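Labels run A, B, C and D following the written order; every chain starts at residue 1.
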Amino acid sequence: MKKFVNDPQRFVPEMLEGIALANPDTLKYVPEYNLIMRADAPRDDKVSIVQGSGSGHEPAHVMVVGKGMLDAACPGDVFAAPPMDYVYETTKRLATPKGVLLIVNNYTGDRMAFDMGREMAESEGIKVAVLKVDDDVAVKDSTYTVGRRGVAGNFFVMKAVGAAAEQGADLEEVVRIGEKVNSVTRTMGVALTACTPPSKGSPLFELGDDEIEFGVGIHGEPGRERRKLERADRIVDDLLDAIVPDLPYRSGDRVALMVNGLGGTPISELYILFRRAYQVLAEKGITVGRSYVNEYCTSLDMAGASITLVRLDDEIEALLDAPAEVAIRVF
Amino acid sequence: MTDTSTSQQTVDLVVRTIAETAIENETYFGELDSVVGDGDFGYSLARGFEKLLEGWDGIDRADPGTFLKRSGMIITSRIGGTSGPIWGTAFMRAGMAAGSAADLTGEQVVAMLRAAVEGIKARGQSDLGDKTLLDSLVPFTDVLEQRLQAGDPPKAALEAAAAECRRAANATAEMVARRGRAAYTGERSKGSVDAGATALAVLAERLAAVWPAGAGSLAADGPEGKGSE
Amino acid sequence: MKKFVNDPQRFVPEMLEGIALANPDTLKYVPEYNLIMRADAPRDDKVSIVQGSGSGHEPAHVMVVGKGMLDAACPGDVFAAPPMDYVYETTKRLATPKGVLLIVNNYTGDRMAFDMGREMAESEGIKVAVLKVDDDVAVKDSTYTVGRRGVAGNFFVMKAVGAAAEQGADLEEVVRIGEKVNSVTRTMGVALTACTPPSKGSPLFELGDDEIEFGVGIHGEPGRERRKLERADRIVDDLLDAIVPDLPYRSGDRVALMVNGLGGTPISELYILFRRAYQVLAEKGITVGRSYVNEYCTSLDMAGASITLVRLDDEIEALLDAPAEVAIRVF
Amino acid sequence: MTDTSTSQQTVDLVVRTIAETAIENETYFGELDSVVGDGDFGYSLARGFEKLLEGWDGIDRADPGTFLKRSGMIITSRIGGTSGPIWGTAFMRAGMAAGSAADLTGEQVVAMLRAAVEGIKARGQSDLGDKTLLDSLVPFTDVLEQRLQAGDPPKAALEAAAAECRRAANATAEMVARRGRAAYTGERSKGSVDAGATALAVLAERLAAVWPAGAGSLAADGPEGKGSE
């Protein structure tokens, strides 16, 4: 395993300590619950926005805690939903008269932890809502399964509800906005290499030198199919062929386009993907109103990328445009 | 059914064996979860059971039921991933089913396992055939019940149940996952066994192996703790 | 080669096209010279700040063109200094009455291209200065060699002169500031894996499974020595042992601390390095006044990191603190 | 010295052969530069000489000197990396040394090579022994001069010079780099040959091979272009 790591079991806490040390004025760290929170939270005049999820997706979610985004994140270990305790203790600490919004990427473990944490917090009189994100079109939705996964599109949900909460929206309103953004957001990803969880010490799966995993999950779960590596443009075309018809996005639509790196892919390559996606959308009469090219939701050191589309309207666009100050925006 | 009543001492042995076996098999369980899952299953269980063992002596042992409920709460609240809530719920429900009995009969043990199964189903919104640990836990419980009812000594009953548990775990390879992370891969989840179901087979086999050979009342001449701490 | 790429020879232009498409309002792209420039440049009331360098170091330098940073970048191909023409044509286009500052990382090819480009621009009456960045302590300076390399520390030079130029400083003043920042900046890097230039299609060098390249350059040049992989903390200690005594940084100093990813290392690991660096500096009585943890100057997809220290004073700190708006700050 | 005067036609052959050989050897030259450099040498040369060939017919051929100067300007301005300025300067200086002569004598050719060497030294602030292309270019030039003065026919002289160029390029493996990216590695640059010096040996060998066998005035019965475009 070629990683900067000391004790694999201390991977997450050491990372969180680093984040806290780098942001002494703006962030607070509660080691017992892997909790990174705004130093000025909770604020009585706003809904607190909380994300859980597993670690290994950085900058999501611990590095986007800050003004206009999350008030707190309490991640579990690498790729593991947080224990219910983390959720409960975090919710208690973030409680405000306006309430707490728990954003949950749609995975079994996360949903259980957040549902149980919510129940416990509610039993103590805290106002709590849970918002589910499930933007991954790689997963065929069906009544037999647990529905789609939440992946990089969760960024837009966090950004929008973070802005709304900052502007004083109440819990119901924040939930409405989050659900609306989630409903117009679609993502699909592709992996060029597997990721290596520190505690495993070896790649999570094997990919041949000329193979890619099409529709991969952000925990390295296999996707729709294993394919031969192709030209960048072709990969983009195929991703968009899955994403565009799903909502569907139509000629005349104005969208946010995100090309998200999965951790091991340099930003130069992300712009090569972006270029093609922009061109293909233009051909379809879809206007890219906002562009996002960077790492937002990763899978450790996996080489790969995902593409996300969000259908914009005036309300969503204004919320995405609102200022935010977070740890990764160090500059 | 023979007299197979189970004391707190035996419950201690069972839970400690589960914990130690999960910790020893961290890597193997993680690899099982790597095939169509995300590889964290072994790590989650190991860290969680380590925490259980850390506070081991302080866990309330008023009666086996209380002990199991407290253990379940620790597991639920301290283990992440899907496994924390699922396994914690199983322990808690088993504890509730035990009530405040000081010694447990074979019938009670079977009822506790049934309660655990129902707890997992409720917590996981899952059922038999979804390719989860339920698919080896239920057959394990069925055979255990049959054998105890047929009058087998507990160790023999456990051995038979563990063998069935392994067979059922292997059979999950034929299934398409409908719950858990493996479910996202649909048809591609076929061909590999479920991590949770297989882990349970390993635990069952270990329990059968450490169970003392003597028949009769376990409550009276129960096995000693392994004292490996 | 596992990369998102179409034609390797079109790697750089396609990336630049992507950058231009993603920033239609703020950036202009001149394909003939790989030139990315601010849409509002040149502005008569400020010195224009230009960087060249090779490609493959993104976000440096094309993605930090924007208000308060660079006015333009005209990179060469991957790891190749730009041809002299690019420098000359860029300088002509960016010429303002206050002059043009060309920032050059200290490599033979870059220096030659920029010196020749400057001569040609000056012969046409354009006011030009060249500022050299050479922060890499991995290279032993000696009269027999060409001096130290410019690596990730160039970020601080760009940021400081960018802010000064934005505030209206004249060319001499901007040069003074740039030289001052460079003089208090020191960097050293380490590679866990080699990078793969798209046109080569295979890794630039071979590293064993347990080997690291200590003091690596940002083009994958070998460093001080090849070593065994060690714990993250130990690697940080050794990097700081080379960096701190070099200036030297002393007890009582206030510094900016940057942990820069080389392209393939996820940000989670960078924070693990940051944590240790912060702690070691604290033990030495050195205060971390500003923290930078991200990718700033990469080497394609190389896994690895570098640590940079900048000794702060009030002037430098104010310039680093000034606002900037660049492509990678998409949010 | 025999009459070895060189016409524009021959200069065309020489430059085209250099260009085509550099393009063919892109991968090999890049690999040479990968050992202690950054691997872009082959790519830079290949792309630059491609550009030269693209505008090939339009290059001013008033006389060999003008042709070389124009070629050098294209190379300098269009090739990136260290190689653009270095190689471009070499071509320009050679062209300047050629003056406006229509046909070049062997002495003139040697003087042009000396001028190129001085140009590289000035541009690169480098000298013999720094482990650069100078370390095979200078021995090449020395032997070429000796053999031409000794009366060898041009092809034979060129063959001898190319052999010396190769020997000298191989000998760079013993040197510690003091210029270029390889210099950053200090003692570690020992043990591998310099990319630029070795590329020059490849070019010299190719030039010797394509040079027409007949002795006497090249100006009169010069070789034909390879016409491989």
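As a convention for this text, a contact is a pair of C-beta atoms (placed from the backbone, for glycine too) under 8 Å apart; a residue touches a chain by one contact, two chains touch by 3 or more.
None of the values given here were measured: they were computed from a predicted structure.
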Averaging C-alpha coordinates per chain, one finds the centres of subunit A and subunit B separated by a number of Å equal to 34
Using the average of all C-alpha atoms in each chain as its centre, how far is it in Å between subunit B and subunit C?
-> 56
Would you kindly tell me how far, in whole Å, the mean C-alpha position of subunit C lies from that of subunit A?
-> 29
Please categorise the chain-chain contact pattern as a line, ring, star, complete graph or other.
-> line
Touching pairs of chains in this structure are A-B, A-C, C-D
Quick one: in the complex, what on subunit B touches subunit A?
-> 27, 30-31, 34-40, 43-44, 47, 76-86, 123-125, 178-186, 188
Complex interface listing, subunit A residues touching subunit C | 2-6, 11, 14-19, 21-23, 55-56, 58-59, 63, 159, 192-193, 209, 229, 231-233, 235, 263-275, 278-279, 288, 291-295, 298, 300-301, 303, 305, 324, 326, 328-331
Touching subunit B in the complex: which residues of subunit A?
-> 9, 54, 76-86, 88, 107-109, 112-113, 116, 138-140, 144-146, 149, 197, 199-200, 204-205, 217, 219-223, 225
